[in-house]
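Per-chain residue numbering starts at 1, and chain names A, B and C are given in the order in which the chains are listed.
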Amino acid sequence: MTLEIFLQNAANGITLGSLYALLAIGYTMVYGILRLINFAHGEIFMISTYFAFYGTAIFALPWQVAFVVAIVLTALLGVVIERAAYRPLRDAPRISALISAIGVSFLMANLGLVIFGGRPKTFYRPPIFQVPIELGGVRVVALFFVIPLLTAILLVALNYIVYKTKTGLAMRAAQWDFDTTRLMGVDVDRAISITFAIGSALAAVGGIMWGLRFAEINPNMGLFPGLKCFIAAVFGGIGNISGAVLGGFILGFGEIMLVAFLPGLAGYRDAFAFVVLILILLVRPTGLLGDKQRVKV
Amino acid sequence: MAEQRAVHPLLKIAVVCGALILFFLVLSWGQEHWDAYTVRILNLCGIYIGITLGLNLCNGFTGQFSLGIAGFMAVGAYTTALLTMSPAVKQAVFFIQPLIYPLNSIQWGFLPALLMAAVVSGIVGFLVGAPAIRFRGDYLAITTLGFAEIIRIVFTNIVPITNGALGLKGIPPHTNLLWSWGFALVCIAVMVRLMRTTYGRALKAIRDDEVAAEAMGVNLFFHKNLAFVMSAMMAGVGGGLLGNLITTIDPNMFRFPLTFTVLMMAVLGGLGSITGTVISAAAVTIAMEAFRALEEPRVILGLAIPGVPGMRMVVFSVALMIVILFYPKGFMGDREFSLDRVKRLAAGLDRTNTSKQG
Amino acid sequence: MLDTNDAFDANGAPGTDSAPSADLPALACESVTMRFGGLTAVDGFNLRVPKGALYGLIGPNGAGKTTVFNIVSGVLRPSAGAVKLFGVDVTGLSPDRIARSGIARTFQNIRLFRNLTVLDNVLVGLHLRREANLAQAMLALPRHRAEETQMAATAAQLLEEIGLAGVSHYRASALPYGRQRRLEIARALATKPAVLLLDEPAAGMNPAETEDLMRLITDIRNRFSLTILLIEHEMKVVMGICERMTVLDHGDTIAEGTPDEIQRNDRVIKAYLGGGAVARA
């Protein structure tokens, strides 16, 4: 393998890793606060791409506006899902909430199929992202720089919100104990809504960039990228934002490199994430950066 | 207590045997005389009753929320298909890469093939379960889902055994009403028996409180694996029956939506209820077929209605959401149909009145 | 006493039947230490509970009492030290094996099988002494049928003795609090233990209920010839019924002796007053 090919793969890996990271954050934040695998997160991601698609294709909005509207609508969608499908089950057994999440996931995927149609749609790609850039003998389009850069900016912003603002404090407090947090005068419901809004907005950014990168969108694209990103979150240490980002990058990079170095195993690409999940849970269930969990008896 | 034992055991056995004989006579008559559509749906009902009971054993009665059922069905379906297809058909189907020896030259009867499917999927169930049961709740769910996906992906890739993504065609259509409902009845009998033994109680204890169960001497590894392996075996045989009913299988049939369908049947009927599962699995199977119309274009009163793909699953997802949000225990909860309770009283077990409180 | 109870008596602990040695404690902890990360929850804990004793383990909240219980019952594996049952090392065995070797426990926050009936809860306790294997049980062979009948009779009798006979068909979750605690004890007794660990059995009970419970505890100790180790943070309960006790504070053993000795011990008084919890002895 030449250096150019390796660099090309590295660029692919970093891009895919950035997208995974953006989605993984949503999983890790929701799991941290509700102890729930938000199965519907992948579908939120899928629907965000359609919001952007319809914004540009049907309503003929300028792409900048269409993308922002899509992000806002997706954030709202996340909040609505939490209200309708998860909040009523907050005191129910956790498995009920998980079943509800699986139900929402299927509902949205199939609703997508009904409304958007099963045939893949071509995502509008503004030319600015397709400007070729040559660096160290490798030619890539501008998008390959935009995606990691934007991801990094969003991460800084997210870290600021979570660690430097009162809202972030409320979100972190709610991770421990709802009742105590309430007694401290924090509106737990609001903190949870904001968590869903932020997680969904990041999924929307990821979705739009996914569209820009892969050009095609379809209603079934949510479930598996979604599950992989949950795995990335577990890998990094569930509930930990930096861990989710790290997990996302490792998974994205690993997947691309697996195919690049061991083309014979290309068919097993989608199994890679699950193998990683099972190994990490067996060897180090708290993930790379996770806190030690204690069993309370 | 004395009046509960009033029914003589021999009489009871005679009645049950008589009912079974009558039931199978009706089925074998129906196999010949009912139309193909009805027979097909009834076959599916029987198969899904068995599979859903298996899922309920693991997810409902033992509280081990597994999402791997499609993987075990795949294992069973491929095992049965490869054992029952004739060598000539295999040679024709495996045109990219020939099937490996000795699979390419053998042809078994349906029953041994199904038994082998039970064995193989049971072993796979143990291999999946042994590591996975260390996880709880959602982690177990996602790990087992992962295992099922790995099974599917492996099946897509080991072309000399599975024919890869092209799948298997020309599987002999052995499955008939006697097989599918025989399977359903065996599963029902196994579940009813198991839940009356001390082992069944231990499983329910694990569901209610794993830590307390272990402290009371219940070996978690053995009992969880027991549920896992039995569940996998039921799914495997069900998969085998399914493959030999529809005669073509490919790895993509065994994706997550299949697990979702079975899970939905179990949840709607009540996780932890045998009768609820039976009713729900049959009802959902019938509804699934009936709603197929929603997805096919048709002409009603001169109007051409285009079919809407995905509409069926929208309906079922909504049904699942309604049940989980408003009747979180399903239609039966963990109770059994009252007829069953009467039967249990007749069997002399006087500790069934669990519904005394609200 | 009905003859089903003989099973409880005969089924002592390993080693007791053949050579009941007077100086061999029923339960012993030898320099048991438990560290969670940097925190030492229990430090060099020693305990010798003689056979047939009703022994108290007391201390203010956070003293490490429940940690000791979790170590003895196999939920936690100690960082160092050994737990011995009649001289047999059981350190680090899984909880179900500990239960099989003859240690049963209750939980501070009641952990019943909530959706099972009262009778079934006790029957689960009997599960580990089963004879029939899975296949025999499924096929309902005569021997297994007899065993199931026997188990049901034993369970019913246990409920009778513990005062829950009238409610055996209720769901466990439907019982009032005090009776749930009793059911936990009945369930633990069903495993035929030699040593019974009771984790704050009187927590949340009113004085009358506590009185009843104390009577029950002494009663079952005698009837089932048990060795009982009892955790309490309320002094009154232990003082009334325990013959000896150990006082823990912040993971250290600060006193050991009879109730009288403990009541006069300066360090105990200081620990309780200093800890903010006034001893209501």
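Keep in mind that, in the parts below, a contact is a pair of C-beta atoms (placed from the backbone, for glycine too) under 8 Å apart; a residue touches a chain by one contact, two chains touch by 3 or more.
This one's a predicted model, so the numbers in the text were calculated from it and none came from an experiment.
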Chain whose mean Cα position lies farthest from chain B: C
Distance-to-centre winner among chains (Cα means, whole assembly as reference): B
Rounded Å distance, chain B centre to chain C centre (Cα mean): 42
Mean-CA-position distance for chain C and chain A (Å): 48
Between chain B and chain A, distance of the C-alpha-averaged centres to the nearest whole Å: 33
Where chain C touches two or more other chains at once, by residue number: 75, 107
Per-residue multi-chain contacts in chain A, two or more chains: 295, 297
Touching two or more other chains - residues of chain B: 211
Chain A contact footprint on chain B (complex, rising order): 63, 65, 131-132, 134-135, 137-139, 141-143, 145-147, 149-150, 153-154, 156-157, 211, 256-257, 260, 263, 267, 308-314, 316-318, 320-321, 324-325, 328
Chain B residues touching chain C - in the complex, by the definition given at the top: 190, 193-194, 197-199, 201-202, 204-205, 207-209, 211-220, 226, 272, 334, 351-354, 356-357
Interfacial residue positions of chain C with respect to chain B in the complex: 73-75, 94-96, 99-100, 104-105, 107, 111-117, 119-121, 123-128, 130, 132, 134, 137-138, 140, 144, 148, 151-152, 168-171, 174, 187-188, 190-191
Residue numbers on chain A that touch chain B, as the complex places them: 35-37, 85, 88-89, 92-96, 98-100, 102-104, 106-107, 109-114, 118, 219, 223, 227, 230-231, 234, 267-268, 270-271, 273-275, 277-278, 281-282, 285, 295, 297
